[in-house]
Amino acid sequence: MAEQAAGGMNRRTLVKTVVLSGAALTAGLPARALLAAGKAPETVRVSFFLETKPTMIAKGEGWFDKLSGSKCAWTEAGSGAEINAAFAGKSVDIGLAIGSSPTASGISQRLPYELVGMVDNIGPAEEMVVRKVANIKSVADFKGKKVATPFGSTSHFRLLGFLKVNNLTQKDVTVLDMKPDAEVAAWTRGDIDAVYVWSPAKAKMLEAGGELFTTYKDLDAKGYVIADLIVAGTEFSKAYPDALTGFLVAYRNALKMWQTSPDEAAAIVGKQAGVSAEVAKHDMEEYDFVPFEKQLTAEWLGPPGKAGKFADVLKRTADFLVEQKSIKSAPDLSAFQAATNTTFLAQAVKAAG
Amino acid sequence: MMDTPNRSRDAASFLLVRPRWLSLLSVLAAFGAWWGITTFALVPAVLLPSPAEVAAAAVDILRNGYRETTLAENIGSTLWRCGAGFLLAIVTGVPLGLAMGYWPRIRAATNYIVQFMRPLPPLSYVILLIIWIGTDNRSKIALLYITAFPIIASSAMAGVRSVSQQRVQAARALGASQWQVFRYVIWPSAMPLSFTGARIALAAAFSTVVAAELNAATDGLGWMVISASRFLRNDVIILGIILLGILGIALSALVLAIDRRVVHWRGIE
Amino acid sequence: MTEARAITQGRSRLPEWAITGVSVAVLIVAWVVATDGGFVDDLFMPSPSSLWSGFMDLVVDGYKSRTIWEHAGLSLERVLAGFVTGAIAGTVIGLAMGYNRVVEACFSPFVEFLRPLPQLAYLVLLIVWFGIGETAQIILLFLTAFPVSAIAAMDGVKSVSRQRVQVARSLGASDWQIFRFVVFPSALPEIFTGARLAIGVVYATLIAAEIIAGSTGLGWVILDAGRFLRSDYVFVGILAIGLMGLSLDYMLVAIEHRIVHWAGRY
């Protein structure tokens, strides 16, 4: 494959530069000069979510720029759907932390990108919050209630999965399409009984008379896994494999920082996202940041050339979206396997040692 | 302007001398009501920030900017997008509208497209523009252009068609050439309506600017408001609304002033 | 029309409807060639066949738990509710503003402020204040129509000729009579122009209104389909919303012709 050939050609120099620059980073030396050898584009156009995750460390500290050897042009996205549209309009090279459900719809529509890594497994970080006074104790209590979620998001996918698994229809439960900010507004007024969403909106509603109604364990077990992913335009990954690998290394370093010195990490993330370090730390603790080595196992994305179980998750997600009449059709599992390319992830692991 | 009926003149004659004071008074009253609502906590504080909080946000943004952009940059980008879309619409819409008014064949071939575009909500084709053009400034300007263009073309067409036949015939009888008829009869008569159209189009483009900055923007007042609402920063939202409102008033005033200077014969005919 | 033809010495043999027909045909052929010829991906522009199947799909199965007619009906209801309330309130206030400078001075800052204000900017505040039901959506449309109608009505009153008012007064007409028989009829054409403008802006704001806790309405259908890049549904939605907008406009013009039959006679 073209990616592998290109990767192989430069592997040695890449390993050297990345290791050196990693050392330079910790030593506080200018790393840019060391990378001059690698082939890198002038700018990398990244569409991202401003959120409380280690990605914000790598962004805030400039690691993404340094290790990809390019200047990153950051554009904030409001939803995965926006990132998909930007890819269709050829306006973006890397989509950072796009949800698994928009990714499944993007791959189904043959958008020119591939899945190159995972930011996190969402787990309990997106969850149902119910209003205490609505007195929802069991699944049956949801009948006749109003539940809000941002449509097209991973939360929406989980919520619909929740309804399906429990034999509820959208006639029993009113499902409303609301952005997180609108949800908080409506929640404060008491217009909605439950929401399925992420923080900071989730945290705000828990503070304002909400409690968790845990659904994720059951849903994850039944295949409604949701995750945040890194996708890269195929043209970009072919042309600049080193830059992409460097980008992933930057995220890996950020993950390491979160594992080794969480307080320092939380302080940087909090500053980036405009929340306190405590809030940032609490938010991040809810996510399962799967280490790169684990992502490369069959359990998740799989080793290069042999897509793991996550392709099945994407396929199931896409089938579900077809059922919902959101997308026209979903391709076979092989299409999702083909769209998973962990070459760069593997190189990033090797490069960092 | 029409004479005001006598009774009201007597009732408020001292205020009538300077009605602007009265305007100021009513704006102050609105601010007072806002202050009262927040001070006496008539609505939860999370929902409506107090004037003091908004003022603090304004000072903070003036000093430190909002998320790595200065206020001037944000106002500048919004104005630039708006202005570029609007001017493009003038440059293309006025000639097309004049042609549509002048030549029935051109009207027949294009008018239905213009009229179909006119009532379309801009948000309905935002996604298409992103897919077709991308997410950079061009697609944002294109959105504002499409909003303004049909309005301008329609009113320029209406302007030409409102020209009185007698005048055209009189000019011809006096031996005016096609060009002269256009230049000295049709153009001046079509100007007032074209300008009215331009004013409406600018207002329409301006009110679409937040929609344009909804997706993949990195600056602009609309972006500021949208981004603030993602983080539930109500103080910044209100500040943004106030700034957008003032900017809108300023833009309308500007176009009105240009209109008065350029189309000085408006209403004389 | 006749006067236009006179201006251009109408030489055209082809009737205008035929030219329109030819132009439509050219567009359709270009569309077919571009999409079915494989020059443009289905993602960017649906082919006629996929547009048709998308349309049939929406008509037969509906979109996400509602039929397409329900969606259209709900949108129409919202537009009319917002327009009628906004236009009536705006006209009343606008007449008062034109008639009385105290009223004008008090209201004009708000009317001027509201008119160009992008509706999306204050969407969240409306949810905060009015909730997520139909009320918030209709209030948004009301706030859009109101300033447009108010300014039109005010301009209408102000454009009434002074002599006529003086003549009426010297003939002994009361204030009410002057308003009823002189000012109002003269302002009516402007009021109608304002109404057409108002329904235009209300219509343009429809989708913004349906962002508030959506799941119903043509605007929401377009938004939701756009999220999944379903260009077939998006196009069907745009066509539907465009045709609906055009018919609303024609309806207003028809009403205007019936009521303001004296327009332009002064």
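By letter and in written order, the chains are A, B and C; residue numbering begins at 1 in each of them.
Here is the rule we go by: a residue touches a chain if its C-beta (ideal position, glycine included) is under 8 Å from a C-beta of that chain, and two chains touch if they have at least 3 such contacts.
This one's a predicted model, so the numbers in the text were calculated from it and none came from an experiment.
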Chain of greatest Cα-centre distance to chain C: A
Chains linked by the largest number of contacting C-beta pairs: B-C
Computed distance of Cα centres, chain B from chain A, in Å: 39
Centre distance in Å when chain B and chain C are each reduced to the mean of their C-alpha atoms: 16
Chain C: positions in contact with at least two other chains: 43-44, 124, 128, 211, 226-227, 229
Chain A: positions in contact with at least two other chains: 85, 88, 179, 181, 185, 188-189
Of all residues in chain B, the ones touching two or more other chains: 47, 127, 131-132, 214, 226, 229
Chain C partner contacts - residues on chain B that touch it in the complex: 1-5, 7-8, 11-12, 15-16, 19-23, 25-27, 30, 43, 47-48, 101-105, 107-112, 115-128, 131-132, 147, 160-161, 163, 165, 168-169, 181, 186, 200, 203-204, 206-211, 214, 222, 225-226, 229, 234, 237-238, 240-241, 244-246, 248-249, 251-252
Sites on chain A touched by chain B in the complex: 47, 50, 74-78, 82, 85-86, 88-92, 179-181, 184-185, 188-189, 200-201, 204, 208, 274
Chain A residues touching chain C - in the complex, by the definition given at the top: 79, 81, 84-85, 88, 105, 109-111, 148, 151-152, 170-171, 174-179, 181-182, 185-186, 188-189, 191-192, 321, 324-328
Chain B to chain A touching residues, read off their complex: 44, 46-47, 67, 127, 130-136, 139, 214-218, 226-227, 229-232
Complex contacts: residues of chain C adjacent to chain B: 1, 3-8, 10, 12, 14, 16-17, 19-20, 22-24, 43-44, 98-102, 104-110, 112-122, 124-125, 128-129, 157-158, 160, 162, 165, 175, 183, 197, 200-201, 203-208, 211, 219, 222-223, 226-227, 229, 231, 234, 237-238, 241-243, 245-246, 248-249
